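Each in structure tokens, the structures are laid out below.
Two complexes, one shared chain (chain A), two partners (chain B, chain C).
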Partner chain A sequence: MRTTALNEITLMQYIVLIHSSQVGTGIFSLPRKIADSSGTDGWISILIAWAANTLAGCVILLVMRKYPDDTLPDLFRKLFGKAVGKLLLIPVIAYYSYYGFSVLVNSMLYIKAWFLPYTPGYLIVLLFAVPTFMIVRNGMRVLGRYVEIVFYMMAWMPLFLLIPLDQGHWIHLLPVLKEGWKPIVRGVHDTLFSFAGMETLFFIYPFLRDKKRAFHGLFIASSLTLVLYLFVTISCFVLFAPDEIGMLNQPLMNLLKTIEFRFLERFDMIFLALYLFVVSRCWILYSFSAIYSASRLFDRPDHTKPAAVFLVIAAAIVFVHQPTWNEADRSETVLTILNEWYMFAFPVVLYVAVKGKELLGRLRSE
Partner chain B sequence: MKRLLAVLLAIALLVSGCMDRKDIEDISLALIIGIDLNDEDKLQISTSSPVFSREAKIKTEINIVGADSLRAARDENDRTFTAYTSGGKTQLFLIGKKLMRREGWFKLLDPFLREPKNTSSMCIVLVDGPVSEVMSFNPRDKPRLPIYLTRLVDTASRRNLCIRTTLQELHSIDYEKGKTASLAELRLANKVIIKGSALLNEKGIYKMSIGADETRLLRMLQTEKAGEILFSFKHGNKSGDPAVPDNAYMINIQKYTAKLKTGYSDGRFTFDYRFKIRALLAEKLFSLDPLQEDKVLQAEMNRQLEEKFTRLIGKIQQAKIDPIGLGNYARAYRYSEWKKVQNRWGEALADADIRVRVDVTIASMGAIR
Partner chain C sequence: MFPFDWLPKIRKYVPSAGNRKENRSGVDESRARPIVSSLSGNLEEAARRFPDWPDFVVFRFASVSEERETPAALLYLEGLSDKKAINDNVLRPMMTGETAIRNGVPAPTVGGVRTARTWTEVEHAVMSGESALFVDGREQAWIYNTAGWPQRAIEDPQLESSLKGAHQGFVETGTQNLALLRRYLPNMELRIVSLTVGRRGRTSLMIVYLDDVAHPEVLKELKKRIEKIDVDAVINTGELAEFIEDNPYSPFPQLILTERPDSAVSQLLQGRFVVIVDRSPSVLVAPVTFASFFQSVDDYSSRWMIASFIRLLRFAAFMIALLLPAVYISFISYNYEVIPLQLFLSIAESRERVPFPPLLEAMLMEITLEMMREAGIRLPAAVGQTIGIVGGIIVGQAAVQAGVVSNIMVIVVASTAIASFILPSYDMGTAVRLLRFPMMIMASLFGIIGLVVGFMTIVAHLVALESLGTPYGSPLAPFRWSDMKDTFIRFPLWTMKNRPTSARPVQETRIGKDRPRGDGA
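Up next, the complex of A and B:
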């Protein structure tokens, strides 16, 4: 039985889903991280990280191609049997929920720092939780429609970054390769995480209607992210002194602060508030992956209960613990390592397993 | 039951959202903040903010306090102003010359860069004289001081009479090894007058002042194209009549291109500027046919402009500063040599060989000959 038949998504939704799983709050601090490790040559690191991630996405697609209508939980069941498959699902759920939770908390911290310093964090998370719940409890099609409309609605946002660009000093980018390739390779490590998101393919791909275009879609989505990151990073490099960027926690916010009109000051506030739509796509997608897997773990077709449980736990953790910026930073370091294993090593293992099963089946039939 | 729960939750959420609410009547917006040293060399911070009240006769409140830091001064302000003092709308920072001669004064502005709610796009202006006098200045023929001063600095910088520098830009330059800061400078003498630009050294300490004419030259050396650029010249060697200077003429630069070649030879940097200027004749107080004798005028302008440039560059080199940002070019084109001198760039630049060649073309003489 095809569980995905009712929830098919179009190619455009597929592209935007991948793109939005990559773009989160990381974009605000990305230019600093790159500048810290590879100076103004960092934009080359972005190119390398993009290639590496697109490749990882291709490996995932190669795995999924064998079982085009199965999401990760179904794949586990087919490869390893029912019991082991379910057991393997637990770390997967943990990973996706941790990721989704991190994005949620990061967004909360931004909102708290910029707008609502005296409002308790759990209330902000609860406010985020209401729309999240309404989308996540439905299927992939609703998710796809949400991210698509947000994509169209917010497509103007990068254009505003063009405004301060005429005061930039392009000379900051020269000389290219000033310290050789070493710092650039070092920068790749920090940049890889900002492209993280390919792992949601395990859940997006099976719902894609036109599977022949999966690789094209992946490439387009990843390149869309590449263009956005390159644009933001180079804008920051051009506008801020090379030695200064390391001192700015979120260079993109500082850049937005410089945008002013005669009739409007503090454009960064408006931008950040609207950017919530963009980030929301990321945490919604990750928490959906976790919730979908959890409902499979308990063999329930309905997502409502796992969704409610996830969001209530998220709010409860924030209520009890009250995360700080430093903790969010440290948690991101952990997540970076987890992500590297999950996105680069895990698909290869899966690929070997899929091939092995194929071989086994062929041997048996002979 | 379910509905009741939902209603309760909604109320709880809505009410708690009010924790960050502030009414505009309760906020005093610090539109200008002045920092200076008083006679005993103690920090003195003055704030000017508008009063939103129909009953108040004077619509601006000014508070001058001695305090250890900006944050501490805000505390002092809150004790006399209506409650919340906010830096989210600050337009100008006035810094006294006395303070700017101290090392590390820039660190005082830290809260405006640190707190996300504060803006960092306000303009930093040097005041030649006590800041508190400017703050209490209340001319009857001008709008309220914050609006008047902000507009004055904006328009003056558009005319290139002074260089407008925002807090964010200053923060950039603070970390930039290849450039030193330049700010607008004003002074109070019965009225507020824009003096020109003040140049700081690598540590942010006030070094020298330049006038409007030199500010324009500096803007051209920085290859900044925004705003109007005017230059006046003297024709021939005759000294003009002081009442009606019959040897004066003036050009308005319509467009210019600057080419800068960066080199390194014999242990020092070389910078070669080539300016190509298209000029409009804006004023000419003597009889000379610009159609026939344009070559004479152009050669004369080339020579006089080159002299002016050389004089300004000499001053800058003597002060061991780099307001032009030539360090950026040194880094971009001569990276290995730059790396050796990047921490004492001012000295390296003082040693550098900077040449300027100017090529003026009169594009239009105007409506009369």
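Up next, the complex of A and C:
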């Protein structure tokens, strides 16, 4: 309502926002995960996961369409009343914070492993916190602009993956469906999480100016992610032997390592450092969702304080606990399950609630 | 920038002079005393009000009208008024009676005559260079516009020189600056809003805009912000800019100060507002975007391909000036695996004798350079060249030979300096100069990650910034295809049919029919 009117975003920003909520650090290990579970036919599971996720996004949009200017906290309030709505908001905040936090920690682990092995983790998180804070406290309008400009700035990145492609063996992909559908379906489970991000629609959609294009935008954004994932996965499948790829922890990093210029060795380092821009969009968006909800929980219009609290707590947790790769992996398993429930079951429940409320209202008026 | 947000909060707890009740404007009740009928009484009052001012002239004479002589006196400030106008056009007709008579007083041959009944009015008039006539037996004074103060001739703009643009720059007189603008736009839609700012200085400001192009909401916002200013005086346009800009904690300029009438007019035509500040040789343009600091008048008068090339060069220079020393530091001290072996060896060789860590080495050179730059501004042109020779050649050469800095560092610092000079806007250039230092520190602390996060912070700051309520990052963020025609590439003029949307113009089209496209069509 009052927050959405001033903060409208364009269709392009909406598309890029959805796209950036999906693309995170997962892309580095994605080809390995798929190869593990479904071999070189894995690209088909990407397609299936894409379809499932787009469908989930559509359900969310169907829910939101009834209340086009309301974000999730407002929706809760309208559906369940003030007190219950606020109570329900707490697990929602927890979910988004946890998601944002794990993206942040994952990025921190990557940076720590590849660039700053001796720098304490909390310092890296604090470093990330500075731009995050500057964007999040300004609301969706600035977030949309940031995401958009980063998208254009970093659009050249996938092109560099074309360079090593001429050494690839396309034969690795054949025959299609060599082991039947079973491994492909198994792969879908792993891939679904890579597409996770539709749940941020609860916060993006209300700010969209041209609501008629919401479904188109969703489709384009999700397809953008699909193309990116397919491209990365197939490049890795083509370049690495099918037996070998399971042994590479982050096949995309190995692929990048092969790119070298006469004036620049270790191009992968620069690529990874700049990729931080891309990942930052993801954690900023999730933490924004959490921070926005938190500020609605306390009925405060500004996001500055919740943003500061969130980032300080994130740094404090890293300071006290010092997460490791194994923990991040375990946390991701938990997050995958949570995400599946949140993205697929929760919107349906909401949809039923919305419909029920509508029915109730109609019955009452008659 | 945001780390300084706490500053205003602190200010609250510091006792300030403003809290004490005092009358800063110096206006009190006795000042507004009416003019009496006797001339001697008035002159006594005048002597009280303008005590012992060496430039204050009271000229007593006998005014001739209808063969009758009445004692009269003309009051004016010598330096602020046009002596010729006073002698020839005011005094002579009155003393000889060779002129028409209005209200029983001979009318002088000056444009701009009004009457005053209180002393406050007389004071204001005299202080601004007008002359006041008192006639015996009259309870009023006549004010003649004989203002004429020391003025500079119109010269080539100093700070923003151009190759093909006009060679007339703004001067220190507001009305003259307005005339310079009017010369380009003899259009009835050119509107002017006059405002006065400053309790003591009473600086007159003029907001100039095209009524059917500029957005009324922006005008309202601009006026609101200017009216809010409560200071002693606004001496320079830069001061005004600091009072009305959106984010004072930002290193980036959010308003353009220009001393070129032609670029001010082109901004007017895009739907922006120009604020002329009397007594200041530059005008203020608002609202502006980040990209507009990369445009210059020469872009439009040279061929579009060349102009586009130069504009791309400027953006590249911006990145170089901002990042090059930082990138070098991070590559040398952190991420040396990125540099190819051959190059790395030659860098290592040149750094062999240097005892300092890269950051210190870079700081040393950068600060020396900044000092030379400042010294160059203060010195007269003839001596300025010496600084170049001493600084550039002697210090640079000697520092390398003495092993204080490496050869490569000199190259890096020198190319950074050249790059920062390419930016057409001085204010943007200084912003880059300043931001270079935190980037260097980040690079030396966190290597390439420090760089990326630092740049991310700058991007985050730029997209959050607004100029008079319009997004500063436009047309990049929010992205606008139509405005891209005049951002990185300067498209041919006939393709730029619409005014840029970042200025929020009411009337969008600026070019009508298609021009010939060069294929003879």
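Going forward, the second predicted complex is superposed on the first by the 364 of 366 C-alpha atoms of A that agree within 3 Å, B and C clash if a C-alpha of one lies under 4 Å from a C-alpha of the other, contacts with A are read in each partner's own complex, and residues count from 1 in each chain.
Going forward, a residue touches a chain if its C-beta (ideal position, glycine included) is under 8 Å from a C-beta of that chain, and two chains touch if they have at least 3 such contacts.
None of the values given here were measured: they were computed from a predicted structure.
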Using the touch definition from the top, say if A:Glu265 reaches chain B (first), chain C (second), both or neither. both
Look at A:Val150 in the shared chain and tell me whether it touches chain B only, chain C only, both, or neither; answer first, second, both or neither. second
Taking the superposition as given, does A:Ile171 touch the first partner, chain B, the second, chain C, both, or neither? first
Using the superposition on chain A described above, determine whether A:Leu127 touches chain B (first), chain C (second), both, or neither. both
Based on the superposed arrangement, let me know which partner A:Phe240 touches: chain B (first), chain C (second), both, or neither? first
May I ask you to decide whether A:Leu363 touches chain B, chain C, both, or neither, giving the answer as first, second, both or neither? neither
Should A:Ala113 be classified as contacting the first partner (chain B), the second (chain C), both, or neither? first
Answer with first, second, both or neither: which of chain B and chain C does A:Met12 touch in the superposed model? second
Identify the overlap between the chain B-contacting and the chain C-contacting residues of chain A. 115-116, 119, 127, 265-266
In the complex, chain B residues that touch chain A: 13, 16-17, 19-20, 88-89, 116-117, 119-121, 166, 168, 171-177, 179, 325, 328-329, 331-333, 335
For a test of understanding, state which residues of chain A touch chain B in their complex under the given definition. 113-120, 123, 126-127, 169, 171-172, 174-175, 178, 239-244, 247, 253-254, 257-258, 260, 265-266
As the complex stands, chain A meets chain C at residues 10, 12-13, 111, 115-116, 119, 124, 127-128, 130-131, 133-135, 138, 142, 144-146, 148-150, 152-153, 262-266, 269-270, 273-274, 276-277, 280
What residues of chain C sit close enough to touch chain A in their complex? 2, 334-335, 337-341, 343, 446-453, 456-457, 459-461, 463-464, 471, 473, 476-479
